[in-house]
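Below is one structure. I have some questions about it.
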Amino acid sequence: MKIQGYWLASGILGVTASTMLRVLNSGADAVVTKSIGLHPRTGHNGPVLATSHGGLLNAVGLTNPGIDAFEEEMQILREVKVPIIMSIFADSPKEIAIVAEKAATLGPSAIELNLSCPHAEISQISHSPTVTTEYVQAVKEVVDLPVFAKLTPNATDYVSVGKAAQKAGADAIVAINTVRAMKIDILQQRPVLGNKTGGLSGPPIFPIAVRCVYDLHNALAIPIIGVGGVSTWKDAVEMHLAGASAIQIGTAVMEDIEVFSKIKNGVQTYLKERGHKSIDEIVGAAGGTN
Amino acid sequence: MKMDELMGNPESMQISKIITENPHSKTLLFSLKNQIKFQPGQFVMVWIPEVDEIPMSISSWNPPEMGITVQSIGEATQALISMFKGDWIGIRGPFGNPFSTNSKNALVVGGGVGIAPLRPLVYRLLDRGAEVTLVNAAKTKKELIYFKEFDNLAHPNLRVEIATDDGSLGFKGFATEAVAQLLDENDFDRMYTCGPELMMAGLYNLAKTIKIRFQASLERFMKCGCGICGTCAMDPTGQLVCADGPVFTGEQLAKLANFGKYHRDVVGMKKEC
Amino acid sequence: MKIQGYWLASGILGVTASTMLRVLNSGADAVVTKSIGLHPRTGHNGPVLATSHGGLLNAVGLTNPGIDAFEEEMQILREVKVPIIMSIFADSPKEIAIVAEKAATLGPSAIELNLSCPHAEISQISHSPTVTTEYVQAVKEVVDLPVFAKLTPNATDYVSVGKAAQKAGADAIVAINTVRAMKIDILQQRPVLGNKTGGLSGPPIFPIAVRCVYDLHNALAIPIIGVGGVSTWKDAVEMHLAGASAIQIGTAVMEDIEVFSKIKNGVQTYLKERGHKSIDEIVGAAGGTN
Amino acid sequence: MKMDELMGNPESMQISKIITENPHSKTLLFSLKNQIKFQPGQFVMVWIPEVDEIPMSISSWNPPEMGITVQSIGEATQALISMFKGDWIGIRGPFGNPFSTNSKNALVVGGGVGIAPLRPLVYRLLDRGAEVTLVNAAKTKKELIYFKEFDNLAHPNLRVEIATDDGSLGFKGFATEAVAQLLDENDFDRMYTCGPELMMAGLYNLAKTIKIRFQASLERFMKCGCGICGTCAMDPTGQLVCADGPVFTGEQLAKLANFGKYHRDVVGMKKEC
């Protein structure tokens, strides 16, 4: 599959085929499913969402029906012509290989490895180049599909983690997952989220995501899929300039499901006005440190 | 993006009053600081500290005071009806599309705690000068909610019919049977309902047969309430009960494969209704 | 000195005695100086500031006149009754000891170690518990003053870094410094900051700072000084509930130098309304994971 | 907090026109998309790509077109005057407190490129019906800025006096000497000035002696332009030239220990004026 366009990010409306189809009909170029694990998983108690200073906090906790039950949804999606990317997770390289093998039989265009949810046990994977290597290798060994590694911005050295993923065979990097954060209710004097802490998404994390994409683009040869806080075509252009070949959109879908086509149109106009023939001319055009 | 607004301007408040409705249902009242707009049929997400956050219809609306009517069916609802005056809860909303109040002669059918969102609807319809026939249905007399309130109301335009499965009060039998009878004898222009989904599916079929407008408020498992998590999706349209519902028209329901058939549980697995 | 109240954060108006006095007169309970090094330092070329999605980005690059020239300013401040905290930095434990020794002779109430500027060479120190230990120990060995360690939220495991600082003798932790981020101009197609990348401050980082304070408060016994995105009394209360004994304010001073007294009044009213006798009753009251 | 606003709504634009003013000064014109409000005396921060960001007075104001007049004295200003039409720069602002235009008979004294912020002031004063005497001072005739423009203007209320250090045009000698003479012969109600600080300090003393109102636009090293970095602070008041200035009144200047004495360099070390 070509890594380009504007995709639905994992975890937003991605649990049923019907909502993913709706998002595709609204103009998304691809959809990433909710992260699916080996077994059904309840996730954290509510509240699973909170808001603080213009950002969204979530601690859903990887609620999902498990890979076997998810087959039914994938069957419906297989009919569709646009790329469906399956996001998967597991808490050992051995288990992720099992999930990946099962996922591959469901006909996705690519597999995205969630190595980075900041409010679940798996949060630590993409903090370590070594552990990241193990997961990516385990999956690459069992599937023939493109494999994307989704990283956390919370790691001291996300560039080394990205390099490790690339060396282990990842076909693209997805950056970023949510940023560790929390909200405390001052009247109740307790954390709002059921899980107490969670991950920040939406506009406030945009400059953090841009930096991450920029750093990774400058260090790696594989494409970068940018995600984090994008809600306008201006954001998308900035993310492309930082080095993103494709862009995923999550939180902004809550405001407007038409966000994909609006962004696409805006970017097209920008390219035309600036005399660019294709998006490739601006990907990474902000230059870099190397 | 106006994140607070999209998230329903979350707010914490203390419960100011508790009314016992039946052995396992209570109405909780509290005051909002945010000035919010409300239409009958809309709901809020209620944060029960240390427990969970669950959707609840707004059953009472006298700004700034509002209320919810909770029936205990599990951990969160049990915790909620066990709370005391002065205890803190969190509220965000209101969310969802409301009932249309464009009716001259309305039939309103509530099954069990399904009467909760219909209570403000009935008042709104009466305010607008409509004739309203309310079917308040429950398993047994003791389970009826707002029975006394509507009984005492004696509004010239309101007619209240009671239906109990065991016949302990009013019509004996299912709400659908009571409604079938009422439809025979009256000329309603609209039917509104909330309650067990199989009941609502039955009512929908009745409404379809005699071709009157129909609106039902659906329940689905909800984690976010504001259109981001996807838990409450309907097949095959991908409509979200939280954002595109909870009130759906007959035309909309005709397209929903899972209405009256199945819902998805907490992890997203299909469960029969 | 008692760790309480609302202080000016390092790097905001903290280069001359006159501005620090002005901030004190506006109601700050203490001021932290700009981070001072051994030698004069120009810092990065402009632009040193940018804005993105409600946040401020800076890459000032530790511009400062050096510890010797700074003596003149400290002389003026020594007359003042409120605490003056000297922020210092260096790129080796040996050098920080020299700066700290010199700083101690200038009469500050405490020394704050900037181990965490994300757009200078020193950015890596507080990513490592070991290196952090070396710096804190080096300073504790030569000065008799309270020593605060200022940490980065960008570290994989900031809690371990905090523990290392505590073990090495730090008297308090300051959290957080800015979050790695950047801004690209889509018309010029280049990074805005002279240094290309920078650090994010202001409201968007508030939930990140709260989480960091909360995590550290739950793991450590020494006081936490909260900083990051605080601009209202509600923010301050939330930060206290997370575990901050004192709070520093930086970016919000740009909007209103009266922010210190406004916050103080708001918090006082809150305490009164809630029937709390003192701030101690709410510090860390949001509970914790341990 | 409105971060964009506080930061002066940064915007990139292409230079639309360049006017050579003298061998080392040019006026650059460009158009802003943001609708901004401007008062004479205010300045913008100019981002010269790959080089630096520096403060520049707004010297021309015909919305949406505005302009700056740059004298080359170092790396950034040299880069700026070496740019071409169509090149991109970044602008944020305007920042700072403006001149008061409350005058009936004004004396305006510009030294060198210090005339830049005074240009829109002169026009504003004339618009308001004031009598204006402008002293345009430079080292030599060739260095005069806006000489022709004001010469051609021939506004009945405007009188232009030229002063050059070498006497190559107009009064021979320092601006202060020219002004001293003018003050003897005229009844001004206000003096406005911008230029080398020692000149401004001299003028301040003259104004103080004869007790007329005085306003001067100061220059200090600036990194942020918007009151956060502290580089431009004045002693002992802690006033910031970017936020509390750059225009200061005589009363304010009286309290500033470093006016006419010292400024701080890029690292914050004191340097004699």
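First chain written, first letter: the chains are A, B, C and D, and each begins at residue 1.
We adopt the following convention: contacts are C-beta pairs under 8 Å (C-beta built on N, C-alpha and C of every residue); 3 or more make two chains touch, one makes a residue touch a chain.
Note that the structure is predicted; figures quoted are calculated from it, not measured.
Taking the definition of touch as given, a chain qualifies here only if it contacts chain A and chain B alike; none does.
Via touching contacts only, the remaining chains, with chain C excluded and nothing moved, are grouped as A, B | D.
Look at the CA centroids: the one farthest from the centroid of chain B belongs to D.
Separating the CA-averaged centres of chain A and chain D is a span of 51 Å.
Note: centroid distance chain C to chain D, computed from Cα atoms, is 36 Å. Separating the CA-averaged centres of chain B and chain D is a span of 68 Å. Contact of a single residue of chain B with at least two other chains is seen at no position.
Contact of a single residue of chain C with at least two other chains is seen at positions 54-55, 190, 203.
If each chain is drawn as a node and touching chains are joined, the picture is a simple open line. Pairs of chains meeting the touch criterion: A-B, A-C, C-D. Considering their complex, residues 11-23, 34, 40-43, 45-51, 54-56, 60, 63-66, 69, 72, 76, 185, 187-188, 190, 192, 194, 202-203, 231, 251-255 of chain A touch chain B. Here chain D touches chain C in the complex through residues 1-4, 6-7, 10, 12-13, 45, 47, 49-54, 76, 88, 90, 223-224, 226-231, 233-240, 264, 266-270, going by the rule given at the top.
Against chain A, in their complex, chain C makes its touches with residues 52-55, 57, 127, 153-157, 179-184, 186, 189-191, 196-197, 200, 203-208, 210-212, 214-215, 229, 234, 237-238, 241-242, 270, 282, 285-287, 289.
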